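What follows is a structure written as structure tokens; I'll ask about it next.
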Amino acid sequence: MQNHTITIAPRYAETDKGGVVHHSVYPVWFEMGRTELLRADGIAYKDLEARGIFFVVAEMRIKFRRPAFYDEELLLETTCSNITAGKVEHTYRLTRRGTGVLLAEGSSVLACVNAEGKVRRVPEFIYPKEPTKKRQAAEA
Amino acid sequence: MQNHTITIAPRYAETDKGGVVHHSVYPVWFEMGRTELLRADGIAYKDLEARGIFFVVAEMRIKFRRPAFYDEELLLETTCSNITAGKVEHTYRLTRRGTGVLLAEGSSVLACVNAEGKVRRVPEFIYPKEPTKKRQAAEA
Amino acid sequence: MQNHTITIAPRYAETDKGGVVHHSVYPVWFEMGRTELLRADGIAYKDLEARGIFFVVAEMRIKFRRPAFYDEELLLETTCSNITAGKVEHTYRLTRRGTGVLLAEGSSVLACVNAEGKVRRVPEFIYPKEPTKKRQAAEA
Amino acid sequence: MQNHTITIAPRYAETDKGGVVHHSVYPVWFEMGRTELLRADGIAYKDLEARGIFFVVAEMRIKFRRPAFYDEELLLETTCSNITAGKVEHTYRLTRRGTGVLLAEGSSVLACVNAEGKVRRVPEFIYPKEPTKKRQAAEA
């Protein structure tokens, strides 16, 4: 699955004195979106970490179009836009339920690291190794 | 040292739509107060954790007297009120700098656990073992 | 309704380097519990604020019994334990779904304030005014 | 002043179970950097809001180079890179004190809004109006 949508109701503690959700909350929601996209594919992220596979955010971009308010109903659509042996990319679209008004868009790049924080290859069950010519020949 | 005061300037992200600091931020500040009280005694809490000694909050009480506002100057006084082999207790007083108006008071009880989360004795350099009668006799 | 239970899945951002949910997150969850208890009674808290009725936390107590972990399934039971003209009291029980193990218990006292932060009476639709003797006599 | 550096010590509550500072904390720090850059120019952001002038984040980009750890000493350099009548742009560099190792870089675009959230011109004391030809002629 490349695409998954979750529902979000902004918490009171997520708002600021400007009366809207603080912008630092969006990366937290995006992370929830990635977790549920992964779960929809049958993988619990906590199980990955238990096996020493950590995904860390290497880059994040967010465009804040319109404010989000306390206790309204939002939809966050998370799309896995690209996977390579070295990184996993996602895009995000946050909209207001019902009207569909776009509140924010974003993208992120994740790197894969081991328990010591060293960069490692994205696991094969997420990004399968391509068969080598030799193996292709043997299989032919 | 039993007592230490730090200065706090509430961050924008710590406020909520009510225009004041959200009450969930106070435990974060209290933790900062404990860290600096410990450091004033020559101990960095991160060094304790590196040695497998963790202090976890077992109980917390807070009375919120008056709201705290964005970017004002506050004083947090942290007092270590009691130490036993099993727990460390603190009290907290948050006041407005200048006027001294009391904004909040609190108390907490910490337990000591090891890296696996099992309860252990408070380290001797924090709570010295009492000499046994035998040792007392030998020393006499 | 005096009592309501919500499901909580701890977010990654809610954990700390100790590997468990940071204790400052519990007041955020308790607030969510109160919001849903109120909604189960047909009242949206945001509507109260829109009408200039704010409930602020005057006191909070929490006992942390066992740690909560990332992405596990928790149940938070919120009980409205007492209402007077001056305050609303709640108690909280956080348990692990399935086993029912108790992770934390707490209580809070809310005061009611207006948009300027001045203490006001708890609204009549939440705490009805008692009839005065005069009115009681008239009604008799 | 175009440039200002603040010192940051990551709080315990800002770390996550991966043992490092959660990426959602960086926007909070960047905001602190902007506030202090503004203050170094003699302007308290809270005074702007009190006058109905709000700056909201319209866009943010962050590259996370290396993790930040609990209670280490970091330097955040905030630069005001561009101001127009419609927006204010900043860049950020987060480094480890002493070694100068780069932990993160970022940029943001702020828009200016009034108390109702409507976009307005950046105030003249921040972005002076250019003299019109007429005034220029009069001054010549």
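Per-chain residue numbering starts at 1, and chain names A, B, C and D are given in the order in which the chains are listed.
One rule holds in what follows: a residue touches a chain if its C-beta (ideal position, glycine included) is under 8 Å from a C-beta of that chain, and two chains touch if they have at least 3 such contacts.
None of the values given here were measured: they were computed from a predicted structure.
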Report which interface contains more C-beta contacts, comparing B-C against C-D.
-> B-C
Among the chains, which one keeps its Cα centre farthest from the Cα centre of chain A?
-> B
Separation of mean Cα positions, chain D and chain B [Å, integer] | 31
With chain centres taken as the means of their Cα atoms, state the distance from chain B to chain C in Å.
-> 26
With chain centres taken as the means of their Cα atoms, state the distance from chain C to chain D in Å.
-> 36
Junction residues of chain A - those touching two or more other chains | 12-13, 17, 20, 24, 28, 31, 70
Spell out the part of chain A that touches chain D in their complex, as residue ranges.
-> 17-18, 20, 23-25, 27-28, 31, 49, 54, 56-64, 67, 117
Listed in rising order, chain B residues that touch chain A in their complex are 12-13, 15-20, 22, 24, 70
Over in the complex, which chain D residues touch chain B? Could you list them?
-> 11-13, 27-28, 31-32, 35, 44-46, 70-71
